[in-house]
Amino acid sequence: MSVPDLRERSNKTARYVWSAIGVGFTLLCILLAAGALLAILGYVTVQGISSVNWAFVTELPRPVGVTGGGVANGIVGSIIIVGIATVIAVPIGVLTGVYLALFGRGVFAETLRLLSDVLAGLPSIAIGLFAYTLFVAPFKQFSAFSASIAFAVIMLPLIIRTSEEAIRGVPRTVREAGFALGLSRYATTMKIVVPAARGAILTAILLGIARVTGETAPLLFTAFGSQFWEINPFHPMAELSLQVFTYAISPYDDWHRQAWAGALLLTIAVFIINLLARFALSFSKR
Amino acid sequence: MSAQTDLDSLDASEAKSQVETRSLSIYYRGKKLAVSDVSIAFPRNTITALIGPSGAGKSTLLRALNRIHELGDGASVEGEVLLDGVDIYGPGADPVLVRQRIGMVFQQATPFPTMSILDNVTAGLRLRGALRTGSKPIEIAEKALRQAALWGEVKDVLHRNGASLSGGQQQRLCIARALAVEPEVLLLDEATSALDPISTLQIEDLMRQLVEKYTIIAVTHNMQQAARVSDFTAFLLGDEQGVGRLIELAPTNTIFTKPADKRTEGYITGRFG
Amino acid sequence: MTTNPPQRPKRSAVQADRIFLATLWAAVGIFAATMLGLIVQLIHGSWQSILTFGFKFLVTTTWNPVTSQFGALPMIYGTVVSSAIAILLASVVGIASATFLAEFAPRRIAQPLASLIELLAAVPSVVYGLWGLFVLVPIFRAYVDPILQARLGFLPIFSGPIYGVGLLTAGVILAIMILPTVSAISRDVITAVGREQREAGMALGSTKWETTWRIVLPAARAGIFGACVLALGRAIGETIATTMVIGNKATIAASLFAPSYTLSSVIANEFTEATSDVYISSLIELGLLLFVLSFIVNGFARVLVNSVFSKSEGR
């Protein structure tokens, strides 16, 4: 009679100990994850902050081996390349999303969605190869435009999927009210329903921009990079993440220093765009 | 194409009723019969109430009158719906044009979420580019809002978002929005069901004023409302297969005092539904 | 009696709709064409290599630009092993983190903490690579690898010369990169497990941990697995960070300390210097392999994640 009691009690302690270990382990893991993030961000900040100054942001790179210089052409190049990519991806993506939201049943629509999901998981370097074979090889010319194509392809699935969901999310009653006024499908969809979904769509676009701003792999053989000012999209162009990569794998200490500075700028830019994306979402929900 | 031209240029005095259904049957999902063989004439400048228990097909019938049921899956009709003598389902008839002449207000008041009150009212014209150059949107909005008895309450806040109004005001906004398009017929689908009693009475008063200009057809599950407001009442009932049929159509006074059909009497006295 | 003059019907309404539909179809067409074009171009670009090497390409270990002998096996090995290390580490830490956030964290810190972890996903890969190259590699070379070799050197995977760069380091950096994917999706899936199940567990007198371990996590099993597969897909495709820390050497060695190559990093490293046509074609064929591999893995993940959410929504 007292023996089961004793066993029960010691079993209880063992259970509580195991439970504590379990919870403790999950806590440890999250601290690890948070720690990794802080370690990376901290290191980049510490290493890069002293090198980020007005000169760094406004000057061109100096020749190999010469200290100093900046990433101004990379910053401009990033803006141009991502900008052109956005201009290409947004209309195609949103309109495809509209199509799927309006006519979304059947094999064809499901196939489109499947293609979109497949594209979403595709390694960016394979997309870069695609852009290379279509826009670089035939013209024997690296260009920012080919990089923009690659980036647009990367952005498309996100914009398509979010646009479709956002448009479906607009209450049926709003759509019906538009039709009941005798408005055409075009007017109801594009002037009432899509604007009602614009918060989510804008968020998706911003997230897409943030994603490609941090992409480097496709650039290696599309935009290729440059030491000079360039705004012609049909020429090779410098890009910030590409510059960071090139400097990082080089043997020069000064270039390493500039790599950290560029990495800091890049990370801040991507974080700001992400923050804007979150604001766009909460702003539209008001 | 000719049916479309007819819709424009018909001489109104020739028609006895403004809207008329002839042997109208409505199917959805291709095969399922929802409403069977309904023939009702809706006389010009009158209010006709469609009453009946749920599942009787009242809303389905109403939505066939401005062809908005076509937005659902596989909805189709047999029979005719005549607007001033011309079948709105005839060959060449454009549903978009039909809806510009037969307006609708829904149970759920939905001001367009991204627009101000002013933009909401003028939306029907503005979004299809029908605002003539030189016309002032505010004047159009004022005319419609006065008809909807809302002008006084919103004239100083026209720039505010439509959602900032109360439920009853939003519904009147939707009525104004429908009226700005200058239809001839107004369909009300349980337009007061979601409102408080005071707003409901306000809108009932509104209906009696609007009927001088428009022909109104209103679905309501509120019999007292039908009795208060309408000139004619149609009672619909669904049979065992769920197919809605017209049981009785008569002047409102008659239906509520001396209904001809036993089933009408049963519904009105509250024995079912 | 006033009659409303009927609005002059605008013929252009019908036209507007026609143009509208045409525009939609055009957009859809461009999208579909792009997708198909991608596959077509990759196959077309690989054709020369496929004709030259055939199926042996997949099992040859030689990668020699000088003699124009190309084989994919070292890269397949490198991709598989580095991704395996990555998913092993990331799944444990990621699922545990998600569990903490979903079950044990006080509500007030759960969301900010979750957002913090999700920030990891926003860091550009070149920044990971940079940090990996200048921080992780020296640490591994000086401390981690020697310790592992000292204690576990009898295992072939921890034998051999230590360089700092190599499969293990690449696996670890990949693990950090895919961690937020595992964590975020797992957290969604775990939170989606119905309240009733948790309460039933607690009502039986279990501790919170026991309920989580025995009831909640098993219920979320399929979705968590899907999250891991999705993260695996990301690891397979990662290029820049990998190429900065893996050593870029086309050999197969038993040791995790040895430098290696992945399908993606070889393309990144050598494409712009590829001179001969067959060299370029072989690299594109590696890209095609990468595409196929990622397609299979992501398709599998999609099926898993979809099955979870459609079940819970009762579709």
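Each chain carries a letter (A, B and C) given by its place in the written order, and its residues are counted from 1.
What we mean here is this: a contact is a pair of C-beta atoms (placed from the backbone, for glycine too) under 8 Å apart; a residue touches a chain by one contact, two chains touch by 3 or more.
Predicted model, so just to flag it, every value in this text is computed and none were measured.
**Q** What's the farthest chain from chain A if centres are computed as the mean of the Cα atoms?
**A** That would be chain B.
**Q** Looking only at C-beta pairs that count as contacts, which pair of chains has more of them, A-C or A-B?
**A** Most contacts of the two pairs: A-C.
**Q** Measuring centre to centre with CA averages, how many angstrom lie between chain B and chain C?
**A** Computed from C-alpha means, the inter-chain centre distance equals 55 Å.
**Q** Indicate the whole-number Å distance between the mean C-alpha point of chain A and the mean C-alpha point of chain C.
**A** 14
**Q** If you average the CA atoms of chain A and of chain B, how many Å lie between those two points?
**A** 48
**Q** Got the chain A residues that touch at least 2 other chains?
**A** In chain A, the residues touching two or more other chains are 184, 187.
**Q** Hunt down the residues of chain B that sit against at least two other chains at once, touch-wise.
**A** 96-97, 100-101, 128, 181, 183
**Q** If a residue has to touch 2 or more other chains to count, which residues of chain C qualify?
**A** Only 13-14, 16-17 qualify.
**Q** Which residues of chain B touch chain A in their complex?
**A** Chain B residues touching chain A: 66, 68, 71, 96-101, 103-106, 108, 110, 112-114, 123-124, 127-128, 174, 177-178, 181, 183.
**Q** Help me check something: in the complex, which residues belonging to chain C touch chain A?
**A** Chain C residues touching chain A: 13-14, 16-17, 19-21, 23-28, 30-32, 34-35, 37-38, 41-42, 44-45, 92-94, 96-97, 99-101, 103-105, 113, 116-117, 119-120, 122-131, 133-135, 176, 179, 183, 207-210, 212-213, 230, 233-234, 236-240, 244, 264, 267-268, 271-272, 284, 287-288, 290-291, 294-295, 297-299, 301-302.
**Q** In their complex, what parts of chain A are in touch with chain C?
**A** Residue positions touching the partner: 15-16, 18-20, 22-23, 25-30, 32-34, 36-37, 39-41, 43-44, 47, 91-93, 95-96, 98-99, 102, 112, 115-127, 129-130, 132-134, 153, 156, 160, 184-187, 189-190, 210, 213-217, 220-221, 224, 241, 244-245, 248-249, 256, 259-260, 263, 266-267, 270-271, 274.
**Q** In the complex formed with chain B, which residues of chain A make contact?
**A** 171, 173-184, 187-188, 191-192, 195-196, 198
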